[in-house]
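Two complexes follow with chain A in common, the first pairing it with chain B and the second with chain C.
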Partner chain A sequence: MAGDALLTLDRVRVDYHSALGVVTALPDLSLTIRRGESYGIVGESGCGKSTLLMAILGYLGATGRVSRGRIDFDGIDVGTASREALARIRGRGISIVYQDPNAALNPTLTIGRQLVEVPMLHEGLDEAAARQKARRILSDVHLPDPDAVMARYPHQLSGGQKQRVVIAMALLANPKLLLLDEPTTGLDVTVEAAVLDLVNELREKYGTTLLYISHNLGVIAKVCDRVGVMYLGELVEEAPVRELFAHPRHPYTRRLLACVPRLDTDKHETSFLPIPGQPPALAARPPGCPFGPRCAGFEERCAAGPVPAEAAGDGHAVRCLRWREVDGFDAGANEAVRPAPVQPETVLEARDLSKVYALGNAFFGMGATRQLVANEDLTFDASKGEILAIVGESGSGKSTFARVLAGLQDASGGKLMVLGQDLSRLPAQRRTLEQLAAVQMVFQNPDATLNPSHTAGFSIGRALRKFGIAKSSRDVETQVHELFDMVRLSPELAHQKPGRLSGGQKQRVAIARAFAGDPALLVADEPVSALDVSVQAAIVNLLLQIQARKASTIVFISHDLALVRHLADRVVVMYLGRVMEMGPVKSIFAPPYHPYTEALLAAVPVPDPSVRQKHLRLQGEPPSPIDVPKGCRFAGRCPRRIGPECDATPPPLRDAGGGHFIECHIPIEDLRNAAPVLGPEG
Partner chain B sequence: MSAATDKASTAVAAVPRKAPGLLRRLPTSRVAMVGLALILVWVVLALLAPFLPLDPPNKQDLMALANPLPSAKHWLGTDFKGRDILSRLIWGARTVLTVAPAAALCAYVVGCPLGLAAGYFGGWVDTVISRASDIILSFPIIILYVILIANIGPSVLNIVLAVTLTAAPGIARIVRGLTIEQRHLDYVAAAQLRRESALWIMFVELLPNCRGPLITDFCLRVGYTIITIGILGFLGLGLPPPDPDWGTMVKEGTAMISVRPHMSLFPAMAIVSLILGFNLLADGVRELSLRE
Partner chain C sequence: MLRFAARRLASLLLTLVAASFLVFAVTEFSPSNVARKTLGPFALQNQVDILYEKLGLSDPLLVRYTRWAGVLLGLKADPLQDPALNLNFKDPRGDKYFGNFGYSTLYKAPVNDVIWSRLGATATLAGIAFAIIVPLSLALGVLAGMREGSALDRTISVFGIVSTSIPEFASGVFLVAIFVVVLGWLPGTSPLDPGSGWPIWSQLVLPVAVLVLYDAGYVVRMVRGSMAEVMNKGYVRTAFLKGLPMRTVVMRHALRNAMIAPFTVILLQINFLISGVVVTEMVFAYPGFGRMILDASLFGDIALIEAATLIALTIAIATQLVSDIGYALLNPQISLK
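Let's look at the complex of A and B:
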């Protein structure tokens, strides 16, 4: 067994030295990856995943050092290897694919130039041979027309294509070990699915060993044979992928899995079970089990000393003193928060709403002006107490709609009624204070949502004053504290600058701010997509609790179908500015599907390796929203395209019953016959 | 718990604390501290000038005319009129250290609002402000100074005016860039969604976040202004004689530079040391704000 190990880490300790002292990132890590294996490391931000990668590459920088243990790659000790040996390992032994392909490619050189230099440098091939090899690998990563791609610059490729180029570049060095550091995190779900297919395919073809790092359990379930779960620099559990998802033993793994939204349950049946507290700073590592302070089964002996790894099955190791009793103290599921009942009163009504940007040289008014259609003919409504989710990939126009609704932009046509008043042409500065307070927004990026120069409570206080809810400083003070209580934050944080708050805390403040004016309608534009999954779970629970109490309507913009399945009452699926399908949440996730929805569902990374998922991939990437096609927007990529009418005529809106509508040329009966995308194995 | 709440109760709606974290962390930057030390030496000397055992700056020591070189009586020697150079440098520092920061500050008072307006509103406001700035910035700056001062006459006020006119466009351009970077951030959108006025958004939401680059720029700009004042003095457009002015002192010494180099050298070194001080401080501040 040990003989076929490619990479062995033996009790590795990595420290960072800074002016503030020594911080231990990895206290004591042992890990073995066998040849040909695909090993996944999963963990939330700050758990030491990246440090581990850098340590393997011998690339910890000026401040980091492996202070104990041994990293052995293919018989070479990385820690003591000479500069030349390290260069050889990095060139031909280990390749890495980073998260952001934009940072990995040089924008001033053509793709060809950047690819060709890899074999020239590491294998000493001449340029013609290197070019030959690069062309072959580019076609292996399914980039059409390799010669054309090689002549282009990185900015001329899409994000998915760039990531394929980066993978090709990594493979050009014929690595024995390929490190993948969240390679699909910035990509749309359909593109992600195609890249993951590629990774699996290349692995079979080249027999490369993979170390795949991700925060996304669904992705890990798709590409890995064995999985290690990291928390605070320690590998708390390690098991074959099916075993881990079927029988997680460590309380952290179990909680992590309980925080992941699933496609088969929703808010009426269950709620997420967030992990209490926050991960401590690396400098304040608790003694003994790192998860101890947040664990439901914590006992004194857990903090007494390092917890040894125990075998919990074949190839299953867990670092928990109480793993045998874990079922007793760590309940697997949580009771549902009683969701807000949907009431008949209509709060939001969009009728043929459009937003068009005129492009081109408007100053001289010459030449045909081109149009970017961000939203076209949006028609749907939302009732009081309802959560309406709008899903779609980037460029679908869902954020544009959110901004029009909140008043940050005005619409170009159609009506947008909120509580009976048309707001489509009323940007925020022309709305009355009542209209403003009625529609408030929670933004995506926690780091930009609060002004870094002012305290966390500052903007809430301003909102309370502006909306005339609190007059005196004393009123403002009490109400800010009440709002902080509502979002489960200690009121003392109101006086802290955002720099001292975590991402989840900032998003809680943003939610408190949005609820300051007691809005009838809350627009949440991807409010949790930048957060770790355990934090996301807590924020979603909070949002549902507040909504249940206030009976507010929420327009929830998201690209995460599983999350939408969990919390939405009704779903609108958008593609290139148009509604493709809408209906009650359950009807969206079962046949009849719009072909686009079907493809989205087939692409979702499901955090359960035992689920069978229909294989359906979209070709290419969404076309540009400038000068959109006349017929169906989706025709160019549709796997179920039926004929020329798809390109020529706009599809009819078909009624599937029960408020479920699909915009497609295919008759509803045919769509109804589609097999479900997800099903149990067998 | 209640004590903590009480203590904090006054702060919620109050204006945020003025002292930025940047300045409190200044001691951790060695470069900044060296720069600050150089500046402080001159500040202390300038403040103490009336109490130091110095000759009055305009007093002529006719005995020293024969031998103007540094001596026990005149540590840095005397100038061509027999006046004590050390005393003139220290008294001259008082002028430089008030005029230069005051001029830079005036330039900020004019430049910041212009830059904020150009960056926040965009459109024709931006076009007008940016093109007007470009016109001023396209003049060779020294010639502009000479034309201005030669026409309105050399005085402290006029130097401040000239510096304001020439430096404000550069400041406006920096502030405009920083504003454009932030204008589309979510906290600005959040402010718009509670209908804050444009003035509020510009001065309360945006300007405080420009402070890092602006503090650096201010230090550099004070240094440039000292150069400017020196050049004006050297060109004979400095503060009216006989009051000591560093630039004028350099110029007066040039007539005898081959035989009595100290008459130009010491004032020039004074100028260099002070500019160096401000530049090092600027470097340190920049380094700190990058580390943030």
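Let's look at the complex of A and C:
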């Protein structure tokens, strides 16, 4: 690794000026990135990660300002650079890959036009030479048929392809420093793994320095050499990646790591350790250590003044006055969660459940020959007090199942029994109050679930009245109070409109609303995937506690395998509308694996650089659910495809014992011989 | 694209039939009848009754509607032109030809003699106004939206709000007060009559100015809003962070995207300018289409109302077709099927 600095931030302060006054996003940040290294910054939303990137690029908008310090890139001060110098830096020095490739590409220009303008502007190439170069870079990012890609518009590409185009666009300028702003957030896990592989490969090929920003510790562990942990605009800890994950010293880092679900433990063995409280607003920055008010080891001296960085090892710096004693005050498992025991009574029973959409011609309304198979032959059940997880990538049909279960859509075939009654073709408006109360939902996006013009308490009160649980206004008020208590929200928040609540608080309200009718079955469709990891941990703990108390059954729909590993009792793995594998949670995460599950596990970014993970990548993208393959749905991408029967005949359902079933042509014995995906280094 | 246009044309015909029938049916509820209107208020009741019989006005609605449609398509002779009625209604084109809208009882002339000159007058006014409104509002809107919150943006936005909120009759009176009464540079009325002592172009200036003031403010604000939104999009940031200069970012990346939303609104102004400028035409005594519709409606001249409805509808649907096609050309995510 080269030792000289490429980017130096020296005591940088960034303020945002608005009509309401000045808000400091980065109070005093010093950071050095050396040539050739890959530096990761991890932090939750609002910690100033994006402000940092925009400050480096000199693009803070009309309100942002670097009010102190110096940002030095390759010998040039970005803060005082002229417009021309800044344009040169942006084009040739630093480029950036954005979080959302859909937004980053211009929808009205072809990919080719958007690519060639970079070398034409910065290298003065003519169009033919620029196209030549764009073509070469597109094949470097493994996009097949570059010419066809260049002729297309962004909406004609998939999310993963678009992100490859954005990476290609960033590399076209031969940047010295590549900034990556959560480049895989929003992508499916197998696509994410492929993009991360690409980043690592390109880094070796071009020797580009990387500054990688993410909230995902697993992703950081995979691609970075050094890591900085950011909280409220301050770098609270900085260390080489292995050192940081092995010996975290700052209480915030430790809590963050304790909030991350892991593939090797579950709810019976460990509980998440959420961070108490919420991060303060930028305008209300606490004096001294920013983490002080939420820290278990807070003492008066922590708030006395700025906490200096101390060396805690080789290249390991930590801003904590008590880092030597951190083991003492931060060890308590104060939030032990007792999971519910699974009871024999069956609550949910799906038998050959199917949902098929006929795609007709909109004008003539007939001749609907094409079909979109969203769910096919789903057969599984869930018992009282059980958490059944349904996992799969986008387009696997998880949410369609949830919609049928909630009565938002009718099934096309099969049965769906809840407490002995078939609800498969009973839309919500025809269900009885008992049936409605029995099945309740929590959705992914808490912003969209709560009516913004009613108070949080009103939404819950309406559910209580509707289900006849509370009659008088006083009853409603006491019950709302109790429900708020149950989800650990201050009852005053019942009078707030959702707009004034944080994402985590909104999701707590949504959970309280769902539990208002005392449901036998709760359908949770990606309930925490939009939340920060520390908030996610708190919500998951809460959900487990309530579930244990009420012995309710939860259908937990998620794409996050580590989270599913933590909280589920049984798991159903879906691909293109069909169940590939199902069984008790432990058996899913150990051989025998279905080849698809194996590939998913190999793709999960593990927040531990010392874990060895099998390298297994799926080719291409999931095929369209229209006109699905005749044989095994997964045959086209399967790394273990054994022959033409995979394409031609549907695979048999094989019993691996103990309630573990795998739908595959490969015999169980052969699948059992697969090496575990995760193992210790060696 | 061709199939799309053909389908649109079919739906245009369907709409025309439905609309003309509706207008026909609604005028049923107005007092008096064609026979009375043809003969005037001083005719004897028994004369009216005779004409009523001869024209078959006691037939059911559907029969009369088919008769009217037959005249329009040139399958039937116009009953009002029957010399046996002694009305002296004559159409130089004959009494049986395709596109025969019948006889206007208000103007006592064939509809085709009345309507096209009125439409032409309004089209002149609308065309000039449109040719000024579009480039003016695009330029101002883009300039304002390009740097949201700048002094230029604020000036243009305030101009837009003020000019839209002054009604046409008010701005018409202001302009007349300044340019006619005080300065005496322009005529106060615009009958498009060369004999009035003012050249035709000078008669057009004030009506056009009123329309531009009223309409441009609205379109400017639409364009500005769309432009400002686009300037905050991720791909515009991408373009800046590629190191492209402001000019290139605006011209290459922002402009086309910013045009998508206002495009439809801009084309809708054509409909407004053709059939919605009654007030301006009244203020300046302009012999236009809008005023003619108003007069015909007040009088109950069903032949003229029907003709005007069909023409206005055709224009509206044609602009919609153009706007759909243009929308698809601007936005590659839309394909016309």
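Please note the rule applied: the second predicted complex is superposed on the first by the 669 of 682 C-alpha atoms of A that agree within 3 Å, B and C clash if a C-alpha of one lies under 4 Å from a C-alpha of the other, contacts with A are read in each partner's own complex, and residues count from 1 in each chain.
Simple rule for what comes next: a contact is a pair of C-beta atoms (placed from the backbone, for glycine too) under 8 Å apart; a residue touches a chain by one contact, two chains touch by 3 or more.
Because the structure is a prediction, the values reported are computed rather than measured.
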| item | value |
| --- | --- |
| Partner chain in contact with A:106 - chain B first, chain C second, else both or neither | second |
| Chain B versus chain C as contact partner of A:62, first or second or both or neither | second |
| Contacts of A:118 with chain B and chain C, given as first, second, both or neither | second |
| Partner chain(s) touched by A:614 [first = chain B, second = chain C, both, neither] | neither |
| Which of chain B and chain C A:142 touches, first, second, both or neither | neither |
| Touching partner for A:173 - first (chain B), second (chain C), both, neither | second |
| Partner touching more residues of chain A, whether chain B or chain C | B |
| First, second, both or neither for A:91, with chain B first and chain C second | second |
| Those residues of chain A which chain B touches in one complex and chain C touches in the other | none |
| Touching residues (chain side chain A, partner chain B) in the complex | 19, 406-408, 428-429, 431, 433, 436, 440-441, 443-445, 448-455, 457-459, 461-463, 465-467, 473-474, 476-477, 480-481, 491-492, 494-495, 510, 513, 517 |
| For the chain C and chain A complex, residues of the former touching the latter | 7, 149, 233-235, 237-245, 248, 252-253, 256-257, 260, 330-333 |
| Sites on chain B touched by chain A in the complex | 4-5, 8-14, 16, 28, 185-187, 189-196, 204-205, 208-209, 211 |
| Sites on chain A touched by chain C in the complex | 57, 59, 62, 86-92, 95-96, 98, 100, 103-109, 117-118, 121-122, 153, 155, 166, 169, 173, 363 |
